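Note sheet for the following structure.
The first chain written gets the first letter, and so on, giving A, B, C and D; residue counts start at 1 in each chain.
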Amino acid sequence: MSQRVRQKQSDAALRKTLCEFLALYYEKGWFGGTGGGLCAALDMGRVLMAPTGVHKERVRPADLFVIDPKSGAIIHAPKDVALCPSECSGIFSLIIQQRGAGSVVHTHALSSVLAADLAGNADRVLFQDLEMLKGLAGCANTDRHAVAVVRNTPREAELVARIEALIALPPFAKSHCILVRDHGAYIWGGDLWEAKRHAEVYHFLFEATVARRQYGRPLPLSGGEK
Amino acid sequence: MSQRVRQKQSDAALRKTLCEFLALYYEKGWFGGTGGGLCAALDMGRVLMAPTGVHKERVRPADLFVIDPKSGAIIHAPKDVALCPSECSGIFSLIIQQRGAGSVVHTHALSSVLAADLAGNADRVLFQDLEMLKGLAGCANTDRHAVAVVRNTPREAELVARIEALIALPPFAKSHCILVRDHGAYIWGGDLWEAKRHAEVYHFLFEATVARRQYGRPLPLSGGEK
Amino acid sequence: MSQRVRQKQSDAALRKTLCEFLALYYEKGWFGGTGGGLCAALDMGRVLMAPTGVHKERVRPADLFVIDPKSGAIIHAPKDVALCPSECSGIFSLIIQQRGAGSVVHTHALSSVLAADLAGNADRVLFQDLEMLKGLAGCANTDRHAVAVVRNTPREAELVARIEALIALPPFAKSHCILVRDHGAYIWGGDLWEAKRHAEVYHFLFEATVARRQYGRPLPLSGGEK
Amino acid sequence: MSQRVRQKQSDAALRKTLCEFLALYYEKGWFGGTGGGLCAALDMGRVLMAPTGVHKERVRPADLFVIDPKSGAIIHAPKDVALCPSECSGIFSLIIQQRGAGSVVHTHALSSVLAADLAGNADRVLFQDLEMLKGLAGCANTDRHAVAVVRNTPREAELVARIEALIALPPFAKSHCILVRDHGAYIWGGDLWEAKRHAEVYHFLFEATVARRQYGRPLPLSGGEK
């Protein structure tokens, strides 16, 4: 299925692409240990979402849940009753509602954990001096790009309130990512394809900034220390 | 074969999945140089086990041994008389008996060697401040998770007594892993699928903790120095 | 299609090989986030070029543009009207015209960004003491090989003048690469196959020199500081 | 084709396996930029050898040369007259003759270059405290394993005399590897399969020892400084 006809993808085609991306992101190291998650909107009221606690590279199109992003309710569950909806559904719904996202990737990549470490006690990390910033919708390679960093919680559901407060702040208006300390990141886009582009860009920003700090390049400073 | 119907896997299906995982773990760098090993229980009295000294990614379902985890005896050998049972069989049997494991991965990954180095002269490494801890059965992301580290021996069989003594200690009651200094790790789970999840989680813990020490983050301290 | 019969490749075969290389370079991490680009000459007046802003590993033979490297004009556009020609076309044309290249790879690899960082305030990086230098046409493993480094600009088209001035300088007469600070590299060769060889060699030079600096080996010094 | 029936492999089967390994080692990063090489003996008087200067992952069974390891003469050349025999043929023949090897891998991996750097001005690197040493024929994990390091030369043929002198020295009697400074390594075994095992083991030794030095672990010292 071509990336060019993405708006026209049928329910079945979107399910298939979503599963293909689950396998691809597993290979990239974003979904190790059954971690991570992925969702994509079928339309304004229905979101496809991968199940939790399973090896993501083996999820099949029939294993996906359909949820209502406004209420979080399950509209359609897979026949396999052993499958459970993602713990991320609250955060996924929040990002879809508050940011108009059509797809969200939840990554557990090592680089996302190390990038959150860069924040120290601050509530954000800044990325700059990288052409790849142009790969983020609305951004230029001359930007100093701020990504919010929230503290981790025992349960993913408890993160919702923290994320909701932070992504409403003006400095994060142009970001498509939230870093969760010791945990990973949520990265979103207008659809599955833009979310893939953004996720690849952010992982590059994480890796480049971690590598640059390793040879002593100072991090950009923000006013967000707390 | 779906991960969801794992309890129902036939002998033939389990052999096939085990070989698929041998190839996957070889690609991950856990089984280089014909090293490493993998076993999975068919039932309480019969364990499938990969042969030793062969390129693991090329093992076929008919190449597996069936052993009795209580006695270590070979119940069924492959027709190919050139194949030898894994040197790990004593350790595999010990872990199955003492921990009720249904599957054990023996990894030679570089990250497992570097993680054991972190112990210095202590008999354990601690892992904390990582969401991935939730991927281990019985663990929370707020845990300070202890993994035992044993000294290496010339022959794998001699490790059995050391491992037996260490994994009986209360601080390791929740761990699903033993690190062997300069060598690798044994990682287990209730079945092939849980052992895969645990193995991916532990390799992440190894990599993250080694990376964090590289930029000067202090290791958690335990009372286990000796 | 054999690499040995490359001169005889038909239009259709070259389109297919170009798409195969797009997918291969994506896997190598050179084209993340829809970044990077690739072109190859069909003949003196027609150059095949990948579209911009799309996931490069998914480009199909029919998605390529045909441009005139002398004027930069589009000779043939793909039927899919959503596709846009690469922003790199000006730089690609410049390199084809000025260096007689038959193919240019534009990489966004992390190692190319870190290699450009090595230049500090200088306008070049030197590579030496590496056998892989022999993989570059006209070079020996005893060379001290200079690669020009240009500052990045908001738009790729603006880079043309800077690159044109730099690659005309005598110290860069034997190089097949331009590094763009914070951005990536342009690497070329006589055809798709030589460009592949050069691109693999340069990425090796980047990685080796970055790794050597990490353990304190001093960089070769040039007279090009400014 | 099973690794267990390797002694019985026909000429055609060995050609196919050799090409399969060329592709595998390319994926591992040992053969970038058309570098590296591989040979395997058909019998005492005939050795299959990959051509030089081509993308190794694309070599086909019909592209291999057959050479006489005693004289270095070409017994059979591929029909494709554009193909040239490997520059390594002199070193390959030397190792086959002097060490009784049945297969030699010539790697250009970054880790082999960095491992040779560890030697400083000495003529060897020592590897110890690694279980993987057991993967080398005749070695134990308690060994302090010495690998010779030779200086690079402009042409590979000139390396023959240096390598011949070094590998005759008693300290290297148990090694299956020669490191060439700034260049790579030659690694051998009794047949293609043992050479694969040895190559995977040595690359692990290189990576582990380079990583350990990065966090300050002192290298083993030998008496071979010069």
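Keep in mind that, in the parts below, a contact is a pair of C-beta atoms (placed from the backbone, for glycine too) under 8 Å apart; a residue touches a chain by one contact, two chains touch by 3 or more.
All values reported here derive from a predicted model rather than from experimental measurement.
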Count of steps on the shortest touching-chain route from chain B to chain C?
-> 2
Roughly how far apart in rotation are chain A and chain C when fitted on CA atoms, stated in degrees to the nearest 5?
-> 90
Is the contact between copies chain B and chain D built from the same residues on both sides or from different ones, judged by whether over half of the numbers are shared?
-> different
Considering only mean CA positions as chain centres, point out the chain farthest from chain C.
-> B
Approximate Å spacing (C-alpha centroids) for the pair chain C, chain D | 31
Whole-Å distance, chain A centre to chain D centre, using C-alpha means?
-> 44
In chain B, what residues contact two or more other chains?
-> 214
Complete list of chain pairs which touch one another = A-B, A-C, B-D, C-D
Where on chain B is chain D touching in the complex?
-> 32-35, 54-55, 58, 60, 63, 80, 82-83, 108, 110, 113-114, 117, 152, 154, 180, 182-184, 213-214
Touching chain D in the complex: which residues of chain C?
-> 2-4, 129-132, 135, 140-142, 193, 196-198, 200-201, 203-204, 207-208, 211-212, 214-215, 217
